[in-house]
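Structures follow.
You will see two complexes here that share chain A, one where it goes with chain B and one where it goes with chain C.
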Partner chain A sequence: MNIANELANIVGKKYVLTKYEEIVPYVKDASYIEGEKPIAVVIPGNVFEVSKVLKLCYENDVPVYVRGGGTSLTGSSVPEGGIVMSMLRFDKILEVNIKDRYVIAEAGVRVGELNSYLEKYGYMYPPDPASDIAATIGGSINTNAGGVRGAKYGATKEWVLGLEVVLPDGTITQFGEKTLKRSEGYDLTALMIGSEGTLGVVTKATLKIAPLPEREAMFLAFYDSYKRFGDVISTLNERGLIPLTAEFLDEVSMNAVKSYGIPYPDNAKALLIIITSEMSDQVLKAIKETSPIELRTIKDKKEMDDTLKLRKGLYSSLLLERETPEQRVIIGDIVVPPSKISETIEEIYNAAKSIGLKIAVFGHIGDGNVHVNIFAGPNDFDKAKELLLETGMIAVKHEGCVSAEHGIGLEKKELLLKEFAYRNNQINLELMKKIKNVFDPKNILNRGKLIE
Partner chain B sequence: MIQRIYSTGESSLNEVIRALSSEASNCINCGFCEAVCPTIPAFDYKTSMGARGRINLAKEFLSGNHSLNFRDPFESCLDCYACFQVCPAHVNSGVVSELMKQAIAEGQIENQKHQVAEMITKIVFKYKDPLGLKKELTEWSKGLEFENSYETILYTGHMHQLMAYNKKLSEMLKSIGELYRFLAPLLSSLGNPSFIFSKFYDKKIKERSESQLKNIYFLLKKAGVKFSYLGVEEPYPGTLMIDMGYVNEFKQYAQWVTDLFHKKGVKNIITVDPHTYDVLLNKYTKYVKGFDFNVTFYLDHLSTLKFSRLDKIVTYHEPCHLVRHTDHNVPKGFIESITNLILPIHNGKNTYCCGGPIEAFYPKASEKISDKRFKELKQTKAEIIITSCPICFVNLYKDESVMDISELLANLVT
Partner chain C sequence: MNIANELANIVGKKYVLTKYEEIVPYVKDASYIEGEKPIAVVIPGNVFEVSKVLKLCYENDVPVYVRGGGTSLTGSSVPEGGIVMSMLRFDKILEVNIKDRYVIAEAGVRVGELNSYLEKYGYMYPPDPASDIAATIGGSINTNAGGVRGAKYGATKEWVLGLEVVLPDGTITQFGEKTLKRSEGYDLTALMIGSEGTLGVVTKATLKIAPLPEREAMFLAFYDSYKRFGDVISTLNERGLIPLTAEFLDEVSMNAVKSYGIPYPDNAKALLIIITSEMSDQVLKAIKETSPIELRTIKDKKEMDDTLKLRKGLYSSLLLERETPEQRVIIGDIVVPPSKISETIEEIYNAAKSIGLKIAVFGHIGDGNVHVNIFAGPNDFDKAKELLLETGMIAVKHEGCVSAEHGIGLEKKELLLKEFAYRNNQINLELMKKIKNVFDPKNILNRGKLIE
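On to the complex of A and B.
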């Protein structure tokens, strides 16, 4: 059987790609991991085509790698042979319902585009990864993406109400509904979130939306050590003050954005950015109690936007700090309880020093998410891998997790197992495998990833 | 910090490769550019026909794989620079396409030269115009008076005038399909192809474009600008040559144009379309010796004019070559002060291409892009859609609400 011909019968010839030059762009995602060329790339245009394609692949035991924006940082969307199913034709926003607070969008809609669309209603879909210009609804659901609004609004999993899903054998089903809550046994919608394309193909999502918050103030607090600023979030939490955004940058990160508009005092080692929508005076008081060496308050909306843009573009700014184009900035992603951030970072710095790699650390301190960015030249990959592993385990030791928002993909499979082992939770892996087997007994979806 | 060689128009294969790898190697494959590149949805959502895919393919070329079909992915690039606008690593996939087109044009990649591009380059060299038309291009100026001195010239760059012929030509190309491969060399070997091309034009577009040029003339006069026009001696700037990758030919040709301007005593050049403005500002200054003219866009000269207010919703399609290639931002303030301006969802530096640059070679994709942009412009509920580029105008001219900014201003000037 010629799989490409069969696929063409389903979606039409022009939506099946087999030529070398056409499939080259699908072999990589935004990570440093390169996959294996697929037999074909298929670009279905509706849920029935997705269903027929999956049925065909299921019956013929052909692995399927679903791809949204291909912005994954863990190799989660790269193929290892099989076929790639691109979701880019699913690019329509189907319904906005302000009365019932939801929006329905197809899986290939870009997260940023959805938010530009909602803005005119005075609403937003809160998860806002820095990659929102390219990350799709389907991809962000499958990685449980987070962003700078996470401090108050949490990650993607808080915002998904219902999903249209095609199961590996081609069955079309719906998980969840348009309602804001449900109590109906196992939450299959939740199960899909962060499942990295291993359980089913999301074709359409019903997402909860929230009114765009009014921002009262932005505070920039500079500290001369990592030890102090970690206390801020704990203090705010103790007093019931939850900011809209709470981000931090270390010295290398501050330096990367210095020329773009946030100058910092000479002895500053860390910067905390906090945005509030209420009780700003009390937040300010709490920050002052942690003795920053300098504290700036911004009230002007445009200045807030510009500063936030710098934070969102921080990874980009770090790229320009590379010494050669061959050097990569490998972005790590761990999470610990916010009160453990300072000690976690301290240990990570020590680890980087002893391995001998330059790092830059920033993250969403509001939810304890730390991104350790490793500058690695072509000969440093083994060392970088070692540091990634070590960073993950430092997080685990501090009651944290090896992945906060980027997922597991290929990159963190080993780390996930180590986390389970450290906690003596190997049974979790068994449960996950059983779940996978229930959904996908022939293991055709994203074969080789996550728990394999 | 990484040092970049940001340059197109390198003259040998080695230099093209050097510039290509300098641009492409910074790419981290994040895919941001893919999300804004208009050619992906226009080419059936294939990512090889989009910004990130183009970088991936350029890397294949750099790794020595010269046997792939590079022509379609790179010649279909609109040169709109939307990708560059969002790239976190400051990579410009548009520039990568320009360099790859150069490699194709120079025959570095076998059998991928475009016959029509070859033909046009040859004709430009011979007749100083892509279609060998001379008389026809000056028809708009019949009866108009100009200064005697060429110190300041209104330079049409032939862009407005060629639109009517271009439209017909692309319709022809659409209908003859691959036959152009045989016809093109034949046409370029003719004594003078103008007797053929002069018969094929879109009458309505010709009238409209000529009237736009007249409006520009009228507005400049009213603003008190003193200028002349080279008439039949006005040379084409060579834009198409550089757009299609014929860099060495362009350099030679542009030098000739520059020398001609010098001979005529030109000091100030007032351009009337974004492409000519861009090519003079960014390419002539780079590749030509002695290009020391003061180049402006005609809208820069109208600040003394008074306009009555039009109480209508107007939307403005900002041309890529103005806002992204040259950073020109005068018109928006202008329009805002005299109409009720509502900008489309993609505006300013994030404007969306009209599809025009690939109209001749990829008409179906071009139409999809212009349809998408037209829909966005219509979503503003504007009664009038304006633009300030003849290519954008022709591509977006899908109903009578579309006009050139010169037409709006000529109507409102008091």
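On to the complex of A and C.
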């Protein structure tokens, strides 16, 4: 059987890619991990085609790697042979229902595009990964994506009401509904969130939306040590002041965006960016008590937008901080309770120093999410891997987790095992493997990822 | 083997009940459904005792019915033989961490008690079922409980970070953690929420908490038809005004609480109670546009509390509306998109009329949750069952669900099948059964409930 011909019979020849130069972009994603060339890339146009493609592959034991925006940072969307199914053509926003606070979008709709669309109604879909210009609804659901609004609004899992899903054997079903709540047995919708394409193919999502909050003010607070800025979130929480956004940047990160318009004091070691929707005076007072060496207040909306854009583009900006063009910047993604951030970062810096690698640290301090970026030349990969493992275990020891919002993919499989072992919860992995087997007994979906 | 003796060896004789008069209260819960007398009621004192009890029962094929506050309205906590495991002694709040916005409580802690405790910190655990004086954390997790704060804060699923769980074979594990987000494979924590005690025994929960919101005002709006009040939520949503609480009462419900201090105009058919934390002027304006026949504003906190208490006690108050003392009040629990509430209620009234039963309708209109209360005498049970089924299917036809926050239990198993059949999603039931088999291959936990 020629699988490419069979696929062409389902979706049309135009939507099956087999030439080397067409396929090669699909071998990688936004991580540093390279996969194996797939037999073909198929681009179905509707749920029935997805169903037929899966049925074909299921019956013939062909692994299927589903791909959204290809923005995975853990290798969770790279193929290892098999076929790649691109959700590119699932690009329609099907219904916006403000009266009932939901939107229905196809899996390939870009997260940023959805938010631009909702803006004219005064609404938003809160999860907003920094890659939202490319990241898709389907991909963000499959990694439980977070972003800069997580401090107040939580992650993807809090915003998905229902999903149209195609199971590996081609069965089309619907988990959940349009209602804002429900209690009807096991939450299959929730099970799909963070499953990294291993259980089923999301083709359509019903998402809860929220009114766009008024932004009263943005505060930029500079600190001369990592210790004090870590106290800000604790202080705010104790006073019941939950900011819309609370981000932090270390010195290397500050330097990366300096030329774009955020100058910083010479002795600054950390910058905290806080956006408030209410009680800004009280927030300002709380920040002052943590003794920043400089504190700026921004009230102009455009200036707030521009500053936030710099934060969102930070990972790309870090490329300018490389010492040689061969260096890569490998981004990590851990999470700890917010009050543990200062000591966590300190330990990570010590680890990086003893391993001998340059790092830059930034993250969503409001929900305790720390991104450690490792500068690694071609010969540093073993060291980088060592540091990633150590960083993960530092988080675990501080009651944190090895992945906050990027998922496990290929990169963190070992780390996840270490976390389970540390907590003596290995049974969780067994349960996950059995659940995988319930949904995908022939293991055709995203084979080799996550829990394998 | 004498199971009671074996249980006594684990937990101590004092904590194993076998006498008829001790056991009889456990045969029922807050539903109208009566179970079968269990062999014994065991009251373990810690997680290791839970583990040993489960191991014993697992090895000997003895069904275990775990019981929290016994407030289930669908029969999900009544035993059918086997043993009952009461979580009564799991009554400690173990940690309150305001800095990191979580609390750790044992499964038997009452939801209301937890909230009283958090109040002194200016915080709350948002899910608040009307039965919160008796309902436990464990039980509320197992039904994905909602309540009067759901309009703004969602249901239980949005507030659980981690769970200590004992699996049916006695294995103790932990799902999730203290962190505010995470992306580490299948969300086993989420899978437990709404699982009605069929997958594992929750012994301890790490819960996200939120600052207590300021209540600016409470509005009582009276309408002379069901049609107009249904527009209020749509109008508020369109303007980005999400109230803290939005409840409604029909005429019978209004009458039930009238003597306690909410008089209503003679021609009133419905009352809407709205509590706002902000932009009260705009909310007031929106309500006025829906032409209520009378509108009252309450700004005094105590008066707000008293009025809310009446709403929370409404189900009990309805007992006064019975025509004979033999009548029971069977409470239903459906959910539709809020904009569909008016037509849903109208159809339900028509159905009740044609079946010939008196009903009272109230609910959480903010999230579309409608409680239809059926007055049924000893000879009306078949008719009541018919009306419950019809009510559920009316919800489904309006893109709703047959259970919003009470769960499936024994009462709604048939309805859940009908919902899946209507949507052609029967595969979901198959997936749920297989997941049940992953966790509980010998089917000892809450046998006969939910999906069986």
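Keep in mind that, in the parts below, the second predicted complex is superposed on the first by the 452 of 452 C-alpha atoms of A that agree within 3 Å, B and C clash if a C-alpha of one lies under 4 Å from a C-alpha of the other, contacts with A are read in each partner's own complex, and residues count from 1 in each chain.
In this text, a contact is a pair of C-beta atoms (placed from the backbone, for glycine too) under 8 Å apart; a residue touches a chain by one contact, two chains touch by 3 or more.
Owing to the predicted nature of the structure, the values given are computational and were not obtained by experimental measurement.
In the superposition on chain A, A:N237 makes contact with chain C only, not with chain B. Taking chain B and chain C in turn and counting the residues of chain A each one touches, the greater count comes from C.
Of the two partner chains placed by superposition, only chain C is touched by A:G146; chain B is not. In the superposed pair of complexes, A:G313 makes contact with chain B only, with no contact to chain C.
In the superposed model, A:S195 makes contact with chain C only, not with chain B. Once the two complexes are overlaid on the shared chain, A:K19 sits against chain B while remaining clear of chain C.
Touch criterion not met for A:L388: it reaches neither chain B nor chain C.
In the superposition on chain A, A:R182 contacts chain C only, with no contact to chain B. No residue of chain A lies at the contact with chain B in one complex and also at the contact with chain C in the other.
Contacts from chain C toward chain A in the complex involve residues 97-102, 122-123, 143-146, 150, 154-155, 157-158, 167, 171, 173-175, 177-188, 190-191, 193-196, 199, 210-212, 233-234, 237-242, 278, 335-340, 367-369, 399-408, 416, 419, 423, 425, 427-428, 431-432, 434-436, 438-439, 450-451. Considering their complex, residues 1-2, 22, 25-26, 28-32, 34-36, 40-41, 44-48, 50, 52-53, 56-57, 60, 68-70, 73, 86, 88-90, 345 of chain B touch chain A.
For chain A in complex with chain B, the touching residues are 14-15, 17, 19-26, 28-30, 43, 69-71, 86, 88-89, 91, 110, 112-113, 116, 131, 133-134, 313, 315-316, 319-326, 328-329.
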